[in-house]
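In what follows, subunit A forms one complex with subunit B and a second complex with subunit C.
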Partner chain A sequence: MSRDDLSTERDVSAMSTVSNTTFTERPPDGPVTLTDSGSVSPSVISRWNPRELLLTMLFLAPAVAGLGAFVIFPLFQAVYLATMGSDILGNPTRFVGLQHFAELLTPDFGAVLLRTAGFTLIVVVAGVVLPMALAVPLSQRLPGMRVFRTLFTLPFAYSASAASVVWLLMLNPAMSPVNWLLQLAGVSAPGWTTDSGWALVTVAGVTVWMVSGFNLLVLAAGLAGLDEQVLEAARIDGATGVRNFTSIVLPMISPSLFFVIVTTTLTALQSLGQPQVMTDGGPNGATSTLVYSIFNQAFHNNNSNYGLASAQGLVLLIVGVLLAAVQFGVIERRVHYR
Partner chain B sequence: MSRLNRPGPATSAFTYIWLVVAAVVLLFPVLLTALGGFLPSIDLLRQPPNLLGHYTVASYVGALQQTVVPLLPAFGNSLFVGLVIMIAHLVTSCLAAYALVFLRTPLRTPLFWLFLATIMVPYEAIVVPNALFVRSLGIGDSRFALVLPFLANGFGVFLLRQAFRQFPSELRDAATIDGCGHFRFLFTILLPGCRPAIAALAVWSFLQGWNMYFWPLIISSTNNSLNTLQTAVFALRSNDSADPGLLLAGITITLLPTLLLVLFGQRWLVRGFTAGAVK
Partner chain C sequence: MRTKLGLLACAVAAATAVTACSSAASSGTSPSAGDGLSAPAAGALDGKGETDITFWHAMTGTNGETLKKLTDQFNAANQGKIKVTLAFKNNYDDTLSAYKNALKGGELPDLLQVYDIGTQFMIDSKATVPAQSFIDVDKYDVSDIQPNIAGYYSIGGKLYSMPFNTSMPLLYINKDAFTKAGLDPNKPPTTLDEIKADAQKLTVKDASGNTTQYGFGASLYGWFLEQWTAVAGAQYCNPDNGRNGRATEANFASDNNVKLLNWWKDMVGSGLALKLDSDTKNGDSAFVAGKDAITLESTGSLGDFTKAGFQVGTGFYPKINASDAAGPIIGGASLWIVGKGKDDAHKRAAWEFVKFLETKDSQATWHTSTGYFPVSKGALDTAVDKQWVANKPQFQTAITQLQSTKVTTATQGCLFGVMPQVRKAAESAMQAAVLQGKDAKQALTDAAASLTQPIKDYNDSVK
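Moving on to the complex of A and B:
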């Protein structure tokens, strides 16, 4: 096999068959050392060959530098900043010790955490159940299902600010088609974004709408990859309807389901655009979630309270890592990978 | 539920009714976005809005001509952010993933865990130190301030590492025996062979950059000329004089590239993610 064969032949599967046949004719211990070393010379010599070490460092340098400077170093910087207060000019130069951490123990911040938990819970539950309720019927062999599926993924294109502004118009009393529908049904519409009892639900609902497109895409792909033989066997064994769904389909698409739950949790936890654009954290702080609070303390109205915002950022970090640990430790054990 | 037997007529009818109802509810905002930009406020400010009203392009002309929040420079900034982040993610992730999979590194495992750990860090947790750092660099008035913290990405490294590992090792051996060096192998064999994952990362990174909101909001707060379309839409909406048609025209401009990517790039996204991240 010549070099040109390799560089022109692009289909991986075709190439692997070709090279497989080449390799079966070789003595079993011949090419083994070649796998690891960069050159044809015996592996002992090239084990830590300086040229390859240099190349390795060169290849890793951009990613390590970027992540080191803007993800890892800022973590330590955040701990340092959390002990600093801002002076009159807004520069974080005044040492305040643990004062900002003490401020995290107040009922106000407890309310922020509670709101964040409620918001995340609504978004994850509804943001997974709704796409599932669409993906399952869409997986049937019926005409038009492809068109429907493509249409339902469209909200995925919306950014946080675009979705928020469109939904503000959708709920604007002067034109709201939602309110109009409710009026037809004889229900008077609530103040979606102005009533503090409704604002968090409204903002969460818009987030559910935003994530539904991507989640549908992933769940539909999971359902499309189901093993026909297992479904057939289940059908012969008499599994139908709900039983078939909970005992057969759900376990089989559990990798997709798990992926969707993890990504939706993170999206919900990190939402800024929706509460900031739609309600600006209000009314009366009703939509002031953890990330909104970080934005508000550090950057809103020149507040420049970088210390408290950094301390709240560390809380977000801990919450995020804990959630990931719980999800990977508890839920993933029940995920069935083929 | 099974896809094997075609559902009976009753099930089919129920399926279609449910899907149509869901489509009307979920897609009305999309319809409003697409049509609203072509409608004057007398048609929009009614309950319900009259989507079959007096079509006009006045809102688009108005959105592009208004000088309160100029949209064309914002479009340029968004394109810059999306493309630079996409290219940077591709380059940094390809190189790092290649080193992790094909080069002997004494630190291979700890480095991989380090990359993985950075995925777990919510960006909002470190946005304050990053903002202070970028401001202290004195580049707060340059477009590079919009992209600097996002040039490398742990998820990109992870995605491509998974793809590279699935690359048949026989091919690697064959290339090595034929005297194919690392660069040649990477660019002529490995990358073309891993196109689905590369395409998925490209689409994902562009969407991330284009739709980013928190960071450009901070950067543009001190310099309006650094507005991206996302922050421009918010600024337009904060401006009391903006009428709904103008807002929807602006949003449609914001959505154009992402809508195209979602319509035509979703196949790659799903293939790339399901191969790498899900399984």
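Moving on to the complex of A and C:
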């Protein structure tokens, strides 16, 4: 059972306790008598009290204003724009109905979605496994581990554009240090950004490098918080090595792991700087992900096709909601909260 | 009540010369009256005190510093009359985006710098004063402007914006590598066949079979495809490169360009050319590092190339066929004077500043400090410029190339409202053919076809 379910149950029981006590303390006349279900909270009693109402609205106002301005309004604006054609400045000028959505039913856009899925998969799998592989040895209490932990966490401080530029230099076809090392090892370097097969992997690789630092931090913290008693009990029971890791350690850090998976998925879905700076969506669209495509339609190359971009944005929203539903509905069931 | 408010709003709008209600309020009157898009007389600044104008530009590094220097010079000479404030807008794309947003409701600059491929869009934005209007009012002598450069920004014989920073494509060679390979370093290749023949001698492999120097290596930059097309004397878009009426169709899927991409594919496939993407920075560093011996780049890269550890030579932009007789198109950016919502003094002040930037002395400073091609013919005859060219004899190639290129619709270049998208699509086709091994004809045809709808949508929306 998930933490949410548990906490809800706890809240409900707490509430009923409160209402029960209220019942015994208050005289049985007044509005309470109207509801005899027994699980009504006391706030219902004063729900229409003007003073309370005013206070409630006052407290809600900042949150609603923020949510309205930055979430609800843009959402409706996107729906509106998605049904409009625009002039050369991007002003919505004519109603086009579902035309922009019809334009999405092409093999090209299908390829964009598929590419986004592939990109996200690479980033999430590598971006979680790699920091995990680093975090486990780093959690050993050995001298110098603090230094390594700090070093491995540093990529976290890079912005997408800065990281992309640095990696472009690292993989520059003329003087790439990476290619030089590969050549020393007798491997001929691939066309990192020119080979369509490699371009997506390269861009995903840079994203993995960027998310690894933060993920390492979270996973290392999870490992540091492990209960020594449980580990000792497991040792006494004879759990060692891989078995110890998969049956004891992994379930115990599963909340951190789940958090890392969710945030990395979102980061991967929203990546723009990496494909924009490193490949500009190329070669021939091979690294054009969903967000790059939205950016391309709305702002790139003097485009102002806000209609099509908004339609694609709504697709991104649906993809995000579906993924979140899967992650919270399926994966979180396996997460063990203490 | 509502109608009254509407009338009041229209009255206010009309009084402040905002065009918002003009269609309702002044239907039938001529569009030039009061739309603010014609040049004011020379006396517009008289008795106005100091007129402050803002100039949006996208010049970085040395270019930005030189622009600042010229602006300071102008401000000092016009103290109490005109003051130009520079506003840096990151890059050409951002400058144009900012302009678009300002048109939708914001503060417009008095003057802005727009890249070559934004020309048709700027005309269609209907908020600028054509340079021709000032030229006519002032009887300004345009004979000093290089005709090929003015040609790009002229449509129907009317100059819309004043050319400023101008560049041109050239062929660059590593002279040391040429000598080592037994080739004449003073005879750069001029055609595809010659590049291939030279590249065969220039490609060097080490003992283990790794290529240490490729014969050829150029970025798959969309601009280059426009240049090859122009050198062949062909139109990049129909009809007439959009120079006589609106272009309706991209025309780059020509047999010539198919031949070019097949050649390029073959060069990369047979190991004679370095595989590069469309990022010219990668192409530049490969050439400077000696990774390839022949490359294509704009005149703007000459300064960086001459700092490389070898002798650099230049040649005319190569031809696809030996019989191709036209020349390349100029690139760069030009200056647009904003008319919408501006009073006569501001328009006039912007024009005075533009005129200053176009003078032969300003252009000589600009050319020798930045490497951009001077817009003014006279600039090339100034002492400072002559000395600079003597130090950089490679630049003489660019001057000769420009002077030997006849102005035709082919060498004026293609105009589209969606030209940035067109360039990007052509670039994708180049990548598809050379990097992905797709059929060149198919790649170019698909790219041209993908543009049909955006071109039509754009043209329909400005009718």
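Throughout what follows, the second predicted complex is superposed on the first by the 273 of 338 C-alpha atoms of A that agree within 3 Å, B and C clash if a C-alpha of one lies under 4 Å from a C-alpha of the other, contacts with A are read in each partner's own complex, and residues count from 1 in each chain.
Definition applied: contacts are C-beta pairs under 8 Å (C-beta built on N, C-alpha and C of every residue); 3 or more make two chains touch, one makes a residue touch a chain.
Everything quoted here is computed from the prediction, not taken from an experiment.
Q: Thinking of the overlay built on chain A, is A:Gln270 touched by subunit B (first), by subunit C (second), by both, or by neither?
A: first
Q: Quick check on the superposed pair: does A:Phe299 touch subunit B, subunit C, both, or neither? Answer first, second, both or neither.
A: So A:Phe299 meets both subunit B and subunit C here.
Q: Quick check for you: in the superposed arrangement, does A:Leu138 touch first (subunit B), second (subunit C), both or neither?
A: A:Leu138: touches subunit B, not subunit C.
Q: Once the shared chain is lined up, is A:Gly205 touching subunit B (first), subunit C (second), both, or neither of them?
A: The answer is neither, since A:Gly205 touches no partner chain.
Q: Does the superposition put A:Leu316 against subunit B (first), subunit C (second), both, or neither?
A: After superposition on chain A, A:Leu316 lies in contact with subunit B alone.
Q: Which partner, subunit B or subunit C, is in contact with more residues of subunit A?
A: B
Q: Return first, second, both or neither, reflecting whether A:Gly90 touches subunit B, subunit C, both chains, or no partner chain.
A: Second partner only, subunit C.
Q: If we overlay the two complexes on their shared chain A, which of subunit B and subunit C does A:Ala174 touch? Say first, second, both or neither.
A: Both partners, subunit B and subunit C.
Q: If you stack the two complexes on chain A, which partner ends up touching A:Asn284: first (subunit B), second (subunit C), both, or neither?
A: Only subunit C is touched by A:Asn284; subunit B is not.
Q: Using the superposition on chain A as set up above, list the residues of subunit A that contact both subunit B and subunit C.
A: 168, 172-175, 299
Q: What residues of subunit C sit close enough to touch subunit A in their complex?
A: Its residues touching subunit A are 93, 96-97, 100, 103-104, 117-118, 121, 124-125, 210, 220, 274-279, 281-282, 285-286, 288-289, 291, 417-418, 420-421, 423-424, 427-429, 431-432, 435-436, 438, 443, 454, 457-458, 461-462.
Q: Quick check on the complex: what are the subunit A residues that touch subunit B?
A: My answer: residues 1-3, 6-7, 10, 12, 15-16, 19-20, 22-23, 31, 34-40, 47-48, 52, 55-56, 58-60, 62-67, 70-75, 77-78, 81, 92, 133-134, 136-142, 144, 148, 150-163, 165-170, 172-177, 179-180, 209, 212-213, 217-218, 221-222, 225-226, 228, 231-232, 234-235, 240-241, 244-245, 249, 255-256, 259, 266, 269-270, 272-273, 276-277, 291, 294-295, 298-299, 306, 309-310, 313-314, 316-317, 320-321, 324, 337-338.
Q: Under the touch definition given earlier, write down the residues of subunit B that touch subunit A in their complex.
A: Counting only subunit B, the residues touching subunit A are 1-7, 11-12, 15-16, 18-19, 22-23, 26-30, 32-33, 36, 44-49, 88, 91-93, 95-96, 98-100, 103-105, 111, 114-115, 118, 120-133, 148-154, 157, 167-180, 182, 184, 188-189, 192-193, 210-211, 213-214, 217-218, 221, 230-231, 233-234, 237, 244, 247-248, 251, 254-255, 258-259, 261-263, 266, 269-270, 273-274, 277-279.
Q: Which of the residues in subunit A end up touching subunit C in this complex?
A: So the residues of subunit A in touch with subunit C come to 85-91, 93, 168, 172-175, 183, 188, 191, 193-196, 279-280, 282-286, 299-305.
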